[in-house]
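In the two complexes that follow, chain A is the common piece, with chain B as its partner first and chain C second.
Moving on to the complex of A and B:
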């Protein structure tokens, strides 16, 4: 059952997944090229110096890639389901509806994690050759809230897509966007460290938010 | 499961609203608070202040005397000496000695220590400069050091590897001097844009303080004796021309010390009412006196001492609140708590809950609970849910909006009615 679901989701959104996988590989590659370019121009010592003391942030432009990825994958996965209420067909299967909904987002999470982890691993492993451990850890702390924000954005977009009364959808979009900005506030390198555990817990809580709007959707509340 | 999902959404909504609504309120209603610029006159030995109110600058002293700009500058000849000399108003002698501009300039210093200097991400890697190179300008070394549990390690950026010889030599000297690894704190001025190099001040695992610098490629290290019950919170190194001290040390019990050059004597700088976690501290010195200013959100305290750091004079001014009395009460009624996200009084990005100052929020919470009940009964809903009431009672406005935005999904009629109420 899970395998069938996986294949269905894969066929539905494979092109968008491949697209974003390419984008994230490209963004990791660009970071590595940037760092090597800087070392070529100013020397490794000066690069370390501006990273340590001048608040130079070479990761800055990677900030919104996970956010866009999360939102796009959620929309690609669930807008077709909501249109013409296709998802109601799935609800006729002999599976608990909530379980089915959780499995759908689990698939999405799996795709998202594959994309994010490959980006992170390539970027971080790539810079271990030229930067000391301390700066790698700083890089991870700087990137972490953006990737958590991408996962949060995926779940909250799914939640919003299932809500179909216009005014409530608008209000939910407002609340969700405001919430997501907490992951993207400007901060110096490594500054987000104390906020990460709470942001991780909040991210896990968003995993369950679409069940409520999907219930309203399938019962036709406010239709 | 649906219920859980709904309450999670309500919780996230409350969280978001409590992070943003108080902030919007403050953005709309916050007003400019004039903060006095406090100095200590070497002429009258009173505090003299400058403050801009409604576009006009007031000059006055702690005795209530008002000045014009020129009179104000004449009160502070050691600070405004350039302007006074241009105006021909500079006295011939100050403090019983003929005026020596070089000496005046050399003795002037100013530092500012903010909460975000103290509580901030640490670089962890530092350049150890050659402090006796024989060159006029400082030069960047080609390595960076860190002090972990193995000792001090010099890392070469070119190869991203440890330099074994130099690391072993320095580690051996540090162990001989009694350092226990790893370091808890490393303070210095890690830039070549300073007047001279005094290396680093290092607090080790046991809380002992060390001074480390490099002289002609060799380590110079001493352990600095600390007084009893002396726990270092922060070290701020300075590079002033007078070379009187290496820097400031702030202890965990909020005392401020200067660390005298060469003798390593800890001298207590008299400062009261200072909380390093929330207040800004400005430290000034000149030929005549030492001045410490503690900037709190609603108070300014100033302490003047002589050059031997014995307290001479104190000053306190209460500031206006950044919200007017009315909006302040509305603020306290509307918002039972708020989530602060960002580097407010720290270099770190924290997400923290700020609890209410007083119990006025209870009025707001009860009001929104009542409002919810009125909406509930006018819409003739069926089932009163205790959990919803509890949420509103605890979180006031946030919970009220959250519960209205996300009604219970059990009942068709209930949902439709609450949607109307949102409209």
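Moving on to the complex of A and C:
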């Protein structure tokens, strides 16, 4: 059943996924080119120096790419489901409704992880040839909250899409936006080091937020 | 006979506006029941409650003995459901969608699906969204036939279909339901379609059930009498009738009563009726007679 659901979700949003996968590869490639360009201009030693002591953040332009990816994939996956209340087809399948909802977001998470990990692996492996381990770890710690923010944005967007009433939807957008800003408080290298475990827990908690709005949608509450 | 669907004291309000109150009805196993009602009488609301897609304000429905608000996966596997407008996954092809659903139903039978698809002029790799409404209706029906459920719940199966596709849909459905002793609960805004399909009729009006009986009984006992009279009768409320419409001299009277009871009322009230006759009516006439034109 999971395989069938995976194929269905893939067919539904494959062009969006391929598009964002291409964007992620472009991002990784651009980062590598930027780093190599800096080394050409100032030499590896100077680059290491400004990365360590001058708060230079060559990854900053990637800050909102995972956020846009998460929001776009959630919208592509779930707007067709709420249009004409098509999600009823999934709820009618012989599977518990909440389980079905979790399976749907599991597919979204798999797609997102594939995109994000590809980007991270290519970017980080690419810079291991020119930067020391300490700076690679700093890069990972700098990028991690943005990717967690992308996954959080995916779940919170799904929650919003299932809300049917305009006022509640607006309220949820405001709450979700405020929540997401937690992941974008600072672009300083390594600034999120102590907060990363907490951000990871918060991200996991958002995995369940759509169950509430989807229940309201399913039961026709306030429709 | 065992009831597949049982609804008890079903009540629903949208805000403060009541849709229906204290509905009670049963659908016995093996029957094809048509739910009729004018716009806004709660047909789709009833279907949503039956499928657990709407929490009723009061009362309960049971399907296979389970509360419809908490149907188990096992019970859902026994129910085929057609959404209003034949909604399906438009981004899939007829082959992809068949493979998708087959993973969920152990008793899946793809042969009736592909038999029906063979009648359509569509390519196997054609997306459902690029098909006509009629073709999409056949895809939705074919998927239900492949699921082979015991109970079929169909929400306005006629919507958007031309006469040919409506006839095809009804003929396939009727043959399938009769051959497999399936139970069908259906609505349609085209009453002629219902007449070709259903065994039992359930009519909603004025927030309640106004008729539930076998179609043949309904058509036999609900009558339309016509006559002409020179008198302008202001108040027909005491007449033994459900609905009386007088346009100039011409009167149409709909009733459950016998001819002699109607004539006795006319004579007793000094109403001179000429050309008195009972007209043969179809289900649509009877429905309008029972619920009124407005």
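Operating definition for what follows: the second predicted complex is superposed on the first by the 222 of 223 C-alpha atoms of A that agree within 3 Å, B and C clash if a C-alpha of one lies under 4 Å from a C-alpha of the other, contacts with A are read in each partner's own complex, and residues count from 1 in each chain.
Rule of thumb we're sticking to: a contact is a pair of C-beta atoms (placed from the backbone, for glycine too) under 8 Å apart; a residue touches a chain by one contact, two chains touch by 3 or more.
Predicted model, so just to flag it, every value in this text is computed and none were measured.
Visitor: Clash or fit: what happens to chain B and chain C when chain A is overlaid?
Guide: The answer is fit.
Visitor: Quick one: is A:171 in contact with chain B, with chain C, with both, or with neither? Answer first, second, both or neither.
Guide: In the superposition, A:171 contacts chain B only.
Visitor: Touching A:55 in the superposition: chain B (first), chain C (second), both, neither?
Guide: neither
Visitor: Of chain B and chain C, which one touches more of chain A's residues?
Guide: Looking at chain B versus chain C, the one contacting more residues of chain A is B.
Visitor: Once the structures are superposed on A, label A:98 by its partner contacts, choosing first (chain B), second (chain C), both or neither.
Guide: After superposing on A, A:98 lies in contact with chain B but is clear of chain C.
Visitor: Pick one for A:45: touches chain B only (first), chain C only (second), both, or neither.
Guide: In the superposition, A:45 contacts chain B only.
Visitor: Now for A:221: first (chain B), second (chain C), both, or neither, which partner does it touch?
Guide: both
Visitor: Let me test your reading of the model: by the given contact rule, A:4 touches which partner, first (chain B), second (chain C), both or neither?
Guide: In the superposition, A:4 touches chain C alone.
Visitor: Tell me the contact category for A:114 with respect to chain B and chain C: first, second, both or neither.
Guide: neither
Visitor: Using only C-alpha centres after the superposition, what angle do chain B and chain C make about chain A, to the nearest 10 degrees?
Guide: 140
Visitor: Touch test for A:187: chain B only (first), chain C only (second), both, or neither?
Guide: first
Visitor: Nearest approach of chain B to chain C by C-alpha atoms in the superposition, in Å, rounded to an integer.
Guide: Minimum C-alpha separation, chain B to chain C, in the superposed model is 7 Å.
Visitor: Touching chain B in one complex and chain C in the other: list those residues of chain A.
Guide: 219, 221
Visitor: In the complex formed with chain A, which residues of chain B make contact?
Guide: It is residues 1-2, 4-6, 8-9, 11-13, 15-17, 19-20, 120-121, 123-127, 140, 142, 144, 146, 155, 157-158, 160, 190-191, 341-343, 347-351, 405-406, 409, 412, 415-416, 419, 422-423 of chain B that touch chain A.
Visitor: If we count contacts the way the header does, which residues on chain A are in touch with chain B in the complex?
Guide: Those residues of chain A that touch chain B are 43-45, 47-49, 52-53, 98, 129-132, 134-135, 138, 159, 165, 167-168, 171-172, 175, 178-179, 182, 185, 187-195, 198-199, 202, 205-206, 208-212, 215-216, 219, 221-222.
Visitor: Quick one: in the complex, what on chain A touches chain C?
Guide: The touching residues are 1, 3-5, 7-8, 11-12, 80, 84-86, 88-89, 91-96, 218-221.
Visitor: So in the complex, which bits of chain C are touching chain A?
Guide: Residue positions touching the partner: 48, 51-55, 73-74, 76-77, 79, 81, 83, 85, 87-89, 91-92, 96, 99-100, 102-105.
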